[in-house]
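Every chain is named by a letter (A, B and C) in the order it is written, and numbering of its residues begins at 1.
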Amino acid sequence: MSLLSVRDISVHYGQLAALRGVSISMDEGETLFVTGPNGAGKSTLLKAIAGAVRPSSGSISLADKVISGQPPEQTARLGFSMVPEGRHVFGSLTIEENLRLGTGIRADKDRIEGDLETVYEVFPMLAERKDGQAGVLSGGQQQMLVIGRALMAGPKLIAIDEPSLGLAPKVIDQVYDTLLKLRDSRGLTLLIVEQSSTRAMLTGGRMVLLRGGKIVLEGDARELANDESLRRAYFGFGEH
Amino acid sequence: MKQPQSVLAKTISTPVILIALLVVIAILTALFGSGSFARTVTEIFIRVAFVVGLYIFIGNSGVISFGHAGFMCIGAYAAAWFTVPPMMKKVLLPGLPEIVSNAQLPFLGSLVLSSFLAALVALLVGLIMMRLAGIAASIATFAFLAVINTVYANWESVTAATSSVVGIPMVTGVWTSLFGASAAILIAYFYSISRWGLALRAARDEDIAASASGVDIYRQRLISFVISAFVCGMSGVLYAHYLGVVNPDAFYLGITFISLSMFVVGGMSSLSGAVLGVVIISAIIQILRWFEKGIDIGGLTLELPNGIQEIAIGVVMIVILVFRPAGLLGKREVLLKGWPFKRRTAD
Amino acid sequence: MTAVLQILFDALAVGSIYALGALGIALIFGVMRLVNFAHGDYIAFCVFAMLVPSTDVVAIVLIGKLPAILLIPIILLIGAVISVLSEMLVFRHLRNANPATMMICSFALGFVIQHVLLMFYSSRPKAINLWSNLSLPVEIFGARIPLLQLLTIIITFVILVALMWFLKRTRYGLEMRAAAEDFTMARMLGVRANRVIMTAFAVSGLLAASIGLILATQTGVADIRMGMPIMLVAFVATVIGGLGSLPGAVICGLLIGAASVLLQVFLPLDARPFRDAFLYSAVILCLLWRPDGIFAPRSAKQRV
């Protein structure tokens, strides 16, 4: 049985359809990249899974429980942790408070301190300023913080909207290293939204391409890399 | 951009229906109503005029105002200044300037002049306050109301402070107030289909897009504020000429909140909502009052304990808003489909 | 010197009550963008809860006769309960409504509470005698300060410290601060919306009850409308403090209290009746100067 199963969901903002009949399924320990141009519905897909927007049709389940229509805090409790677009750092909280906020739902309380150390190791800059207000961090630093914060919730499935946004290339590599290490050591499942497919091809894993609220291409990232159909699907060439 | 002409053609049935509704109520009152019922209906019509005044500003700008009772106050006191017999004024209000205390205007003259005074004050304070948006603007309007109330409740020689000013000719009845409410509805209607009204509503819904396409939000808010103050001032004049007495506390928090409630229950973004909100809530209040006095149903006298009416109306408003958070009408208007031309939706 | 001290204590005492009120409003606003106009009526409700229902002028004290050590927790509890109940019965059903709708509902709720009190107690203000020996003056550096004034200031200070501890050092507090800043994100991290909102209402109710106790002792009167003026000033203080900023609410509550005391002292005699006109004009100027509030959090965006 798959960990996450999105079945034929559509999301509407007023009259506007942001997603039209999208289905994806993920197994535990898997990596899935969702790519596509601006406005394709990538972020909406994550928000729908998180419970921040309500699908107008279709259903979503996580670990065999239906989560569509459930409040976000319920979905979080089932092991879904999210880094939404726009970062959403709690600016008036300290960095450490930001990191600890998501730990309230963890069953494995004894691992919290260890995970905190891991986060501080990956992002030493956060450790330096752990008692400072998060609001003064730069864009890239905030990105590190929200990724760390999502990890601190001890998720089974972590969804990240554009992890590389605002980060230096070296730090991007570090972030991906950490994520992949956790995937391999703890069976963490990764759902990653990236606008470009370059990173997906480097990292490997499955990839879906969204355009206009629909999945237009799906397959192994490395196999798709050399495929002309990817470029065509991304830009919408050759469609009627 | 829509042509004003075609907007008029599509939506003219709205004010016609609303005014017709009030005319029917007035005729029924004249035919069957008692004296006290006629007074109730007069009060409702005055309230319609006031709430429609609120709609002109709040409905089109989206900024909640707590201050418009202040304009009602200004209008009502101006009506007293212009129409109380000079003999009485010189004793009661010795601080009035000669030219005012010697004057005794007819009702219509006082109506126009006093409403203009309210609009003038709105222009002056609006020049300052309309720079604000959102909740800051709301608080500023509240502060304005508090200032007006403090001034009128303490300026002994001009407003008689907290004692009532008496001697205002009691000329407002069902028909006069019907005229006032209808005038308010027409002003509101023509404003909201005008270029000003359209621009302000565009700014309400999409402020960045609107200012990018050249809408001066500050100016549009100010225009709407002044027109709405004129209408609210007018309702104050009607009220003064209805009661014959003015007192500052009649124009403070009580009327502010009740009127805002009726307005929001009706639907904040709709002229029809403003009118129907007042009519429906007032009707429920009246029915509850009858029940408090005791009503015969098939030989059984049903009598509610005193005080239940207010509690019930509060509960009714909450229930309506829980089930219809945008108010009874939301953004819609009452429209006669296909009259005089085909087309349904307004706004 | 003693005169200055006297004024200082007056200003602090008046400001304390406004600060507590503003805090109660700001807490709720922070987590659900609701301006709770019923807050003033919670204050009156807590005071009347001490009395036997009657229409007499002199109130018959019921639980008000209990020793302070019992009375105070009971009244605080009543405040928390009515506040939480109003969340469960009314505001919970309006979570997705626009701020104007929520505000009008809170007003309607306040109206209902007021008229329920009116039915049982009549509209006449009642004299109540609660710890009247607290109004005896004590001498501090030559200034004669009513003991109660001193207590009001101390109590406010203690409440502020306790609240700060609660917000900074407890899990509930952490979740509340996070929710006040970005509710959806907090929920995505597992923060339970209902729990946070109910905690905010409970704390807000406690604050209303403490104001009720202080006011009743100070004035010796129970009046159905006694909470309204406090609520209005508190509301203004919350906005000019920067909506969502708790320290801003407290500081501006104190400032408005101080400003009203100072105006009362220093305005010329003729202008003194117009004190509130000056006060509210200053409020308008303040809004023009800083539309988002003096202490608006950096991230604060207007959502209303």
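Going forward, a residue touches a chain if its C-beta (ideal position, glycine included) is under 8 Å from a C-beta of that chain, and two chains touch if they have at least 3 such contacts.
Just so we're clear, the structure is a prediction, and the values are computed from it rather than from any experiment.
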Next on the checklist: Graph shape for the chains shown, where an edge means the two chains touch. Line, ring, star, complete, or other?
Outcome noted: line
Next on the checklist: Using CA atoms only, can you tell me which chain is the most central one in this structure?
Outcome noted: C
Checklist entry - With chain centres set to the mean of the C-alpha atoms, which chain is at the far end from chain A? => result B
Checklist outcome for this item: chain B and chain C have mean C-alpha positions lying a whole-number Å distance apart equal to 31
Checklist entry - Just curious, how far off is chain B from chain A if you go by their C-alpha centres, in Å? => result 52
Checklist entry - Can you give the whole-Å distance between the Cα centres of chain A and chain C? => result 43
Checklist entry - If you look only at chain C, which of its residues touch chain B in the complex? => result 35, 37, 90, 93-94, 96-101, 103-105, 107-109, 111-112, 114-116, 118-119, 228, 232, 235-236, 239-240, 243, 273-277, 280-281, 283-284, 287-288, 291-293, 302, 304
Checklist outcome for this item: Seen from chain B, its contact residues with chain C in the complex are 64, 128-129, 131-136, 138-140, 142-144, 146-147, 150-151, 154, 253, 257, 260-261, 264-265, 268, 305-308, 310-311, 313-315, 317-318, 321-322, 325-327
Checklist entry - Can you name the residues of chain A that touch chain C in the complex? => result 50-52, 71-73, 75-77, 81-82, 84, 88, 90-93, 97, 100-102, 104-105, 135, 149, 153
Checklist entry - Which residues of chain C touch chain A in their complex? => result 171, 174-175, 177-178, 181-182, 184-193, 297-299
